[in-house]
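Look at the two complexes coming up: chain A is in both, with chain B in one and chain C in the other.
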Partner chain A sequence: VAILKMAVVCVSVISKENFPLYLRTVSTYIENDMGFHHIVHTAIDVIEEKISSVGTGRAGTDFREHYLGPLYPSEQYKIYGYATNTRTKFIIITENTTSQSRDTEINQFFKKLHQAYADMFCNPFYTPDTEITSKRFDRSVTDIFKDSESKLSKNEHHGNKN
Partner chain B sequence: MSRQYVGRSQSDRKVSVSGELFALTYGALVAQLVKDYETDDEINKQLNKMGYNIGIRLIEDFLARFPDIGRCYDLKSTADILAKQGFKTFLGIVPLVANWNAKGDEFSLILEYNPLCDFVELSEDHPNLLYSNIICGVLRGALEMVQLDVDVWFVQDTLKGDDTTEIRLKLNKRLEDAVPAGED
Partner chain C sequence: MSEVKVQGEVSQTLFEYLHMEILSHLIESYGNEKKGEVISALEALGSRVGESMMERVSKDVPRFRTELDAMIFLCKQFWTHMFNKQVDHLKTNNQDMFVLYDNNFRLLMHLSESSQHQDKSPLFLAFTSGLITGALSNLGIKSRVTYEVPKMPQCFFQIKINL
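Presenting the complex of A and B:
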């Protein structure tokens, strides 16, 4: 269990109308599923707030980064958000065991998720705003779970202090 | 990854269409057919019919574009030209010609990659849908215009989980008289 401390434990996709289209928890955490649903719902509100304030910032610029960073503080987890220009939202939840900023790494995961989502969305048989059942998309998310675990063991090999 | 298709408009300008747009357009077509028709068989038939109407036109364009392609003396040359020039020109891929039967009137085209299927994942509601069946119609229509009566069908499909996509073509007979201009 120590190995999973910094790994991604949950990935979620939220529609522009704020309905969860996909929520997947890493296998070792499956019993905790309900807790993650609750976290994701709270996260949606925070994301909405962040993206609604676009255009009222300095110089009235409409430019907004997709990556929103950590959304709100939590004891056990770090909750990261990402919103596309079409208002589709992604949430990545990791365990909260380091104060080191992991923004670059998490942003890479979001980019992969965004690409996987776009590919999935282009399936002519996928009805927009419905539950995501694509096996290909599942595999991309599995890759993210695995990548985040292996990144951790690499850090341990290099003797990084966490 | 953006694939480019170069076509020719009437004024001889080269027009480039992105591979994604092509795949999405075809996808929209199939999705609409799926909504409009009840059974997979019906949908497959419609795709074949559409393909036929495309094929009879495509062959004219092809032959005009490559005037040095003469008459083929046997099916093997036809197969070669189909794969190396036909598919290459219009889909940007060169399928492998293989699995000839003993009589030499039947062969397969093996496609490692099918640009029509980018992004596609079949749903379980349509187990018998032949997503790329339009290709079979195109081949049938095109060859009919050069006096070859053929049957074309899918043997394997990567969309269904097979390793490759394999289309089989069988020559029924050579047509002697004038062929009909099109179907329906």
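Presenting the complex of A and C:
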């Protein structure tokens, strides 16, 4: 049974002081851009709560992990969070077309994002805690959009075969 | 027991030479009397590099629970990344003071062991002190670092963090 993959529609990077450094929506969803800003804003609170619950032994939250999983339920979208050791937060929003768990796949996207972010941060012309304007970083995010989309169409094709 | 692998010897050596050259260039530009400015410039340089290094090195490491965890990471993985060895000794008062001892500091290695250049030795530590403040600040820990060279090539860094 082919697992239906969902396309990533929005990627955001939040600084350690909790203001947005980067927010990019895939072109097909561009009208919902404002809505995503709002979603990301709410998501920050949830992330802060998750990462500050030190040693309370909450079930399902491994404090040592950077990946935070789905943050809060929403009708149209699934919102995933990831917090680095340097308190920078990444948020990935995807379409909510199936209830299958996609943790490994989303974690892969976060790892790619983290690598791209670390590379961009090391650029001496980048001032920390300012807006991210790197074209190379943009391209990594575009790759994430493409990757998630292509998996979607591949599995639709297989679905039709069955 | 795992041995610390000696990696990237070429880039390590290049960094040491670059560091020496940065020092000598700054002393020339500012003049011999303005040691304070040279030290500030070195600390600022080190700070930005420390932030970037910390971003890279902490990428694949589980989250730090306490400041002590972060300091231990600094003394082990971070120091190894920069200088191919760990900090030799870490002292703490378990609150806000930490002292890092390095008995064979890489950037002092090439200087004579006699006390001939003792007074210039703080200049060799300024960059690294910036490295430490930058690295810690990227983890969300504000700190103040002082340093001393009791006897070449030993040195220690005294770190006071804001809890």
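The working rule: the second predicted complex is superposed on the first by the 146 of 162 C-alpha atoms of A that agree within 3 Å, B and C clash if a C-alpha of one lies under 4 Å from a C-alpha of the other, contacts with A are read in each partner's own complex, and residues count from 1 in each chain.
In this section, contacts are C-beta pairs under 8 Å (C-beta built on N, C-alpha and C of every residue); 3 or more make two chains touch, one makes a residue touch a chain.
Every value quoted in this text rests on a predicted model; they were computed, and no experiment measured them.
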So in the superposed three-chain picture, is A:S134 touching just chain B, just chain C, both, or none of them (first/second/both/neither)? first
Which chain makes contact with more of the residues of chain A, chain B or else chain C? C
Tell me the contact category for A:K16 with respect to chain B and chain C: first, second, both or neither. second
Could you look at A:T86 and tell me whether it touches chain B, chain C, both or neither (first, second, both, neither)? second
By the touch definition at the top of the document, which applies to A:F125: first (chain B), second (chain C), both, or neither? first
Going by the contact rule set out at the top, does A:M34 touch chain B (first), chain C (second), both, or neither? neither
Considering each complex separately, which residues of chain A are in contact with chain B in the first and with chain C in the second? 122, 124
List the residues on chain A that touch chain B in their complex, please. 119-120, 122-126, 134-136
Given the complex, residues on chain C that touch chain A span 48, 51-52, 54-56, 58-59, 61-65, 138-140
Mind listing the chain B positions that touch chain A in their complex? 20, 23-24, 27-28, 30-31, 34, 118-123
In the complex, the residues of chain A that touch chain C are 16, 51, 54-55, 63-66, 83-87, 114-115, 117-118, 121-122, 124, 128
